[in-house]
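Take a look at the following structure, please.
Naming follows writing order (A, B, C and D), and every chain is counted from residue 1.
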């Protein structure tokens, strides 16, 4: 059933798009933020038997509230397993993880990512960023990765300032030569559209464009000669159900809007969000016949 | 560019579906001729071993990887199924000398047995390497001994950081692993209570995993105590409900080792004829584990359980 | 031969004695100038970090090893104590951009910070190598990336078994590790409930270990649930009783992450002046953790606990 | 206090001797059998704060009955930790274990042990034995080892048929050169006496001789030119308390006599031994103010 939502936000469109990338029965390595919203939507719609691994040591949680971080207590709420990061990272390196969601500040045409620094001198960066965290591990070993990124016009670059997380490196055969177990990125979901990677050249091409986005604007936001699919289509909008699920899980738009700004210093609003989450989430879980 | 998107292969995760089946089904489905079989020692998967022997005409030959085995592996060796044994120790423990093992190695009875040796830790980290998807693990055991002299798979290198010698052992990926554990839910989340040796890492190393358990519990019980989950569902192919499934050995917090039975079995194992008489009666002569338990006697098994619970019951003060 | 018998050195095991002390005592005793400090992220050892900053005039300089840190390490970096950071990630997580980290790396404010980078798993297995007493661990992460290009400690070799590339990372043995855990007995048997990242292996890697805990329990309670023991006593030097000891971060099964506080703190950290104002009020302005909790408000902390318990309480169905 | 027992068996003498080698506060890696009896005696007498590690994943058990094997359920009875073999083996390799007890079928003058096979062809042994098990790991990494052996006149050999577990290998400096973390054996307790290793030459010498054993018999039972301490003394007998503890833990002499023979097939006697062990062991534990 595709009862599309009439009103939805761009983050909601992106999360719904990623949710559709997750298949039933899969094991996914999910970071918090938008990927978590997407994973939750998938679990309650197209992939009821998929389970989530969270980086700091949780598998298959069934939380009734919004997780805050990869090491957040919510991640082991009613989980199948709780313990170490090495359990989930080791399982991933051994090939058990079907799909992982990652992001970065810069990306190139082979899907390589930079989340470490901006500038051309590693030792004196213009802007220092977070670093790999688990992104390099997921990009190296997950069977496939889905990349979620903001497109700001400057971050789809010809050459990365630093290669933090491997995509297809220099092209066909490069991952195998490097000894990487995973097979690399299959999709890039951005604020402008959806990109795939060509099986022959391993180069990114535009497959879908978001409703209302101008193709020339997309091309201008990509610093290399962007390949566009001859069958370019418009991104499928989120369904009403997908949007309902997102707003039930994240009522203050902490991940899907500017909820963080409103919560800064506002303890009561923050706590009320949690205290009130139990019943609506439980109802949602039950409506899907889950436990 | 043909604009044909990259399609990635699936991961190795087993899906979260109902995995409960009988030992007969599990062994038939996963264990074939020439299977490279891994086996846990804590607890001993007796119910699964018995079923493998019942299907020996179909299976014919197994190569095995263990750390240490105390008695139970000899049930397989004596049956003529085992061609090769990768091991650190194979003996009777308190039951004493393992004549079955001796006959196979010294005299090739009932068939020649090739032995590939490691130390216990050396054997265990081979599974750990596989569980992490790395080709080897470094270890400080076995250096200076003659174990590497007769096992070329053990490589001694100079550590590139300290230049001191370190031994490398290669990852071991069993085709199938069999193990006996405390409890599991129907999709295969397994919880081991008490000591469990290397059962956790063996399950992570193997391509297919068959777990027999004392109890099957609801998913909600697993979710209630997620820190007790020893083997998450994605490693597991089959859950076999086999109460007392480690007899004559122990199952921590469930029942005690039946030494009287073990010593008596070992007395019979002293000759191949004695071993076969025992096998005919207790293994081939029983159609499944429940049938074996009836033959041993549930009164006897129950007394072993009550004795264990007099001293320890998980989560309780005794 | 002089008939003088060989005398062996003692092992590294810490004896099973009463290890309960205050954060002030523990930090004074074990953390010195130039200490190589390891720190857990799940849970964040806030009570211990605050105390380290209170003693910064004595400690002066720390080199740190972490996997990822979400916010808390910046309290140390901003205080001017940190000279070097071995890390995979150092940022605010949901609290956002870490301006303290940026100032230190980009502008050397309040002091230059040297960064040595790994992936999360790459950083974690360095502690695992130390925990096993081996000089390195092999890993498949970081291959093909530029992480090894700027970190010569990562060596890429051809695996002697498969001839495929594999990365080696050297063991990391912190002088002192600080961590916040769920509960412990007085001799230092520690149980972590919920997810705990790499806290277990960090404790096994370090020369000295300081653990702050939510609860101190009797030995009999540890013995009742031995499978829950995450860190046996022989690794532990000090047990510090610090309820709510991870605030503003979460402590699984005890209380929720105080995001409202964290976001507000990060807003203040946007400038060094703002950071110092926060530090003067909440860290230097409080004499110990209880004093900090009073300043934050036990009513607020209690509400975070009640909210967590509404959703999960260990061993209970919620 | 040394209130010596008037009547005791040779195994009881050996166990008491090993018990005296364990110091308070130590962490010991103990196999079952006689070492376990010795460790229990030490815990209740000279080393109340010492704790035991058992190979298949237990630390600091406080059992009220006799363990049967290294993976026996009794080993995690009221333990501080229960779980994996890699926890205890890893801790040992990292240098946390003060002392470990091992044994073998053959020993040479440098304390190297063979527990794998008898015969001069590895691939066609005259007698196949158990193999290393954990013995090699303990001999490699424990800070010091104590060796317990039967002396049958043939097993103290010039050259081992197979070197399973390293003592001092070829002599001074050889362990260091091989890269072994532990420092090697400090004592050999046999059915005839107690041997030490000379700090300079790393060679075994006879330090104590058991009461009633003839020195010439000992020399005849050693296939190399045995060095004998100029201050050779008689082995200290067990105290009444040591013997009482041994007989409380092992009333049927399963480890200290021929109990196994009597138990074979006798389920009732075997079970009664366990069922009746609770109270006397509890009384013993309480009498020592332990829990």
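As a convention for this text, a contact is a pair of C-beta atoms (placed from the backbone, for glycine too) under 8 Å apart; a residue touches a chain by one contact, two chains touch by 3 or more.
All figures in this text were calculated on a predicted structure; none of them were measured in a lab.
Student: Sort out for me whether C-D or B-D is joined by the greater number of C-beta contact pairs.
Tutor: Of B-D and C-D, more C-beta pairs in contact link B-D.
Student: Which whole number of Å gives the spacing of the CA centres of subunit A and subunit C?
Tutor: Once rounded, the distance between the two centres reads 28 Å.
Student: Where the CA atoms of subunit A average out and where those of subunit B average out, how many Å apart are those spots?
Tutor: 39
Student: Which subunit D residues reach two or more other chains?
Tutor: If we look for residues of subunit D contacting two or more partner chains, we find 58, 76, 78, 82-83, 86, 90, 93, 141, 181.
Student: Can you list the subunit B residues in contact with two or more other chains?
Tutor: Only 133-134, 139-140, 164, 166, 193-194, 220, 226-227 qualify.
Student: Identify every two-chain combination in which the chains touch.
Tutor: A-B, A-C, B-C, B-D, C-D
Student: Taking the complex as given, what residues does subunit B use to touch subunit C?
Tutor: Interface residues on subunit B, with respect to subunit C: 129, 133-140, 155, 157, 159-162, 164, 166, 168, 170-171, 192-194, 220, 224-228, 314-317.
Student: Given the complex with subunit B, which residues does subunit A contribute to the contact?
Tutor: Spelled out, the residues of subunit A in touch with subunit B are 25-27, 49, 51, 58-60, 62, 76, 78-83, 86-87, 90-91, 93-99, 141-144, 181-186, 196-203, 205, 207, 227, 229-231, 291.
Student: Can you check the complex and tell me which residues of subunit C touch subunit D?
Tutor: 1-13, 15-17, 130-134, 189, 204, 219-220, 222-223, 226-227, 229, 232-235
Student: Considering only the defined contacts, which subunit D positions touch subunit B in the complex?
Tutor: 32-33, 54-58, 63-65, 68-78, 82-86, 89-90, 93, 116, 122, 124-137, 140-141, 162-166, 169, 174-175, 178-181, 254, 260, 263-267, 269-271, 274-275, 278
Student: What residues on subunit C touch subunit A, complex-wise?
Tutor: Residues of subunit C touching subunit A: 41-43, 67-68, 70, 87-91, 93-94, 96, 98, 101-102, 105-106, 115, 117-122, 124-125, 128, 139-147, 150, 164-166, 193-198, 200-201, 250-261, 263-264, 267, 300, 303-304, 307-308, 310-312.
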